[in-house]
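Can you read through this structure? Questions will come right after.
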Amino acid sequence: MWKKLNKNTRKNAVTYLMLIAAYLIMSVLQKGGHLSNLISGMLVLLCVYAIMAVSLNLTVGVLGELSLGHAGFMCVGAFSSALFTQLTMNTGMNAGLRFFIAILTGIVVAAVFGILIGIPVLRLRGDYLAIVTLAFGEIIKNLCNVLFLGKDSNGIHVSMKDTMSLGMEADGIVIINGPQGITRTPKQATFFIGMLILLISLIIVLNLVHSRTGRAIMAIRDNRIAAESVGINVTKYKLLAFTVSAAIAGAAGALYAHNTSSLMATSAKFGYNMSIMFLVFVVLGGIGNMRGGVIAAVLLTVLPEVLRFADDKRMLIYAVVLILAMLWNWTPAARTFREKHSIRRMLAGRAGRQQKESGEAAATNKKEEM
Amino acid sequence: MALLDVKNLSISFGGLRAVDSFQLTIEQGELYGLIGPNGAGKTTVFNLLTGVYKPTEGIILLDGKNITGHKTAQINHEGIARTFQNIRLFKEMSVLDNVKAGLHQHYKYSTVAGIFRLPGYYRTEKKMNARAMELLSVFDLDKEADYLASNLPYGKQRKLEIARALATEPKLLLLDEPAAGMNPNETQELMDTIRFVRKEFGMTILLIEHDMRLVSGICEKLTVLNFGRILAQGETSAVLKDKEVITAYLGE
Amino acid sequence: MRFLASLINGISLGSVYAIIALGYTMVYGIAKMLNFAHGDVIMVGAYAAFVMLNQIGLPVYVAIPVSMVVCTVLGLVIERFAYRPLRKAASPLAVLITAIGVSYLLQNLALLIFGANTRSFSSVVHLKSLRLFDGGIIITGEMIVNAVVCVAIMAGLTLFVNKTKQGQAMRAVSEDKGAAQLMGINANGTIALTFAIGAALAAVAGVLMCSSYPALTPYTGAMPGIKAFVAAVFGGIGSIPGAFIGGILLGVIEVLGKSYISSQLGDAIVFSVLIIVLLVKPTGILGKNIQEKV
């Protein structure tokens, strides 16, 4: 029993150490000028994607629900944090403090959206839930595109039509300009801050998973009816997991917003295509495997760039990877095959106990026998 | 006062009365059997007692408290735990974590304490582990604590389900066909376990069973259901001699 | 007048949604899966027709059947190699995620073959437009054909499902796959047949859609596909008349919303419909209630 506790702690510690090592190595390389501009320029974006992988993995892997709208939460986090930064830009606030509060703003606003969207959505199951999250994501993106917001000496003006209808004084400045979004947000996001947020997100999610709350969430995932029968409040824990996941996505959005000079809610940046890209990270890294998701996010972003794939080929590879990963992981035949040819089994001479794969394969076999 | 008092319980699905005017009184400490042919409505009764279905009519009193229409999780807090005919374990979780999920309501610390590993987390987790291991050893599952639940052999999965239900500290334990799919040896062992649970935990048990040997061997009282209605009710020996029961249930 | 014109436009758009939704609803009703790639099969059908009509110069009566065959084969291949192996998978998410993968695969293959350029699809309909109220309202030939084809397909499918042996098998598999198999019905075959029909309908939908809205790109099918799913849910998933009603209503709501609320919020309005329907009446207009077994 203690051995088991230690095992989880050990595994998590390895994940954290890997992150810290990756940060140190990249920093040293960057200082020494050994990084190409391409990679240097991608570092913060890699953190954003990795954080999104952690966030979505909480919903898909731990809660067991498929969200196709996570880019929407990222969008909310990005716009709200950038808005905060813009509104407080010339107030003499310390830039570091301002950025810190901007990130918190992104987190809190995304969490609020997580609750508001989670309450109706989490009543649904499976496919319906997935498509409704997609719907919410698209609605958020659409609304961002028709939102106009400006500030003048009289205060803040909002419109859903155009800049003219903001009706501002001559000294007014447009902050959110509809489809043009928010421009000139200071690029305060650094690789260090990105890695820090990633590390904190991971600690939060991994600690959550290995706690009473995490057990309740996973119990609901594994068998909702049984979870209710042992007194677990299904709605509460589903909503909790979904909200934490949305909050983390909001942090990723805040980071993203402070890494780009023009923040626009285009389909390419916040549409469901993005949500699906995050899903690819999660699936390839192993559903529920936080470390795997982070690694997949990095590899699937860096490799196509380094190998100079055109964008269309990159998406093609994602698609193939997604299909093959699912077939390999979930086809009963493939599971039996892996069970038989598992390397660990060959080494140990018998199926390694506690090995997730073998357990699932055994379960599937049993089902077929019955 | 009876521990469980069910009066005039009925439910209809689209005009069909799946359970009709069901009555049941179980005293503290009794081991009670619910039998009947397939489709007689036995599992439906369990689903009504645990709030999975809302009854069309009738009331359910647990320890004198009206729990009719309460939600499943709420009813568990009030003192009814159950197992399922088709085993419902938390398959991707360890055997230990299955029981710890059962301890959810009685060993608490906040989500924040869990995330930030505050002292409450360590204190409560330690107690939970101890309690869960205690329960597992009752069912001879302590050696498999680290296994994934789905890796257990069938008979042990049934036992784990009982252990998980007991972890919720119920007043009344409902067992839905605990011997289904077991061979005679395993059934014998299960009977011993049920007797042991009753003695050790002072548990009141209501069980659904097909295996007549098990029913007549351990239940003091029986209720026989047929087509959603009570066919016979009373002491086991008397019920099993009832002519109607023999015709309907034993098919003679 | 503006309302009437919008209404007619909406019915025309809705007819296209309805044809796509018919394919969705059949597949969902029988295979119990959301075939995310359905919209992209439409795109493939449209490209197939485009190549034959605009590049090879084949006549319409050849091009449409051939593109239906292309889509049918594609539908069968997808079902056999991507979905069937996962039908027994423990996780219900597995097959949906795979369907998303197939959707992306089709889009990006099309991108590789045909490029990202928008192709101008020339209409297959050569009917004269009707001008009413001195040109105040124009009903194009495409609009008429869309509506007629949509009604015809719905009627045909209803007859097929209710009157033929294969149709009965479909209904049986949709009610209870296990029981149907015990009765000697080939469930895999029936599901494959459903995919074939759905894919053939997708080809028709692709041709009609691109005749009415001539811009053809690899992403042409994606959004209409998702919206058609919304229509299927709206009408009650698994119900053939439901898909028809849902499709028409959704088309009308989208066009009216664009014209009276905001032209940029068309998608948001459609998706709001989905959310409202699922919250208020999750079974849709004509859907049946299914209770989970304990």
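Order of writing sets the labels: A, B and C. Residues in every chain begin at 1.
One rule holds in what follows: contacts are C-beta pairs under 8 Å (C-beta built on N, C-alpha and C of every residue); 3 or more make two chains touch, one makes a residue touch a chain.
For clarity, every value in this text was computed on a predicted model and none was experimentally measured.
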Discussion item. Measuring between Cα centroids, what's the chain most distant from chain C?
Written reply: B
Worksheet item: Of all the chains, which has the CA centre nearest the overall CA centre?
Response: A
Practice prompt. Would you kindly tell me how far, in whole Å, the mean C-alpha position of chain C lies from that of chain B?
Written response: 47
Discussion item. Averaging over Cα atoms per chain, report the distance between chain A and chain C in Å.
Written reply: 31
Practice prompt. Mind checking the centre-to-centre distance between chain A and chain B? Centres are C-alpha means, answer in whole Å.
Written response: 40
Worksheet item: For chain A, which residues are shared contacts with two or more other chains?
Response: 225, 360, 363
Fill in: Multi-partner residues of chain B (each touching 2 or more other chains)
52, 84
Discussion item. Touching at least two other chains at once: which residues of chain C meet that condition?
Written reply: 294
Worksheet item: For chain B, which residues are in contact with chain A within the complex?
Response: 50, 52, 71-73, 76-77, 81-82, 84, 88-94, 96-97, 100-102, 104-105, 107-109, 111, 113-117, 121, 124-125, 128-129, 133, 145-151, 154, 164-165, 167-168, 181
Practice prompt. Please give the residue numbers of chain A that touch chain C in the complex, ascending.
Written response: 60, 64, 66, 68, 120, 123-124, 126-128, 130-132, 134-136, 138-139, 142-143, 145-146, 160, 225, 276, 279, 283, 287, 312-313, 315-316, 318-320, 322-323, 326-327, 329-334, 360, 363-364, 367-368
Worksheet entry | In the complex, chain C residues that touch chain A | 28, 33-34, 82, 85-86, 88-94, 96-98, 100-105, 107-109, 111-112, 116, 226, 229-230, 233, 262, 264-265, 267-268, 271-272, 274-275, 278-279, 282, 292, 294
Worksheet entry | Residues of chain A that touch chain B when the two form their complex | 1, 3-5, 204, 207-208, 211-216, 218-219, 221-223, 225-234, 240, 353-354, 356, 358-360, 362-363, 366, 370
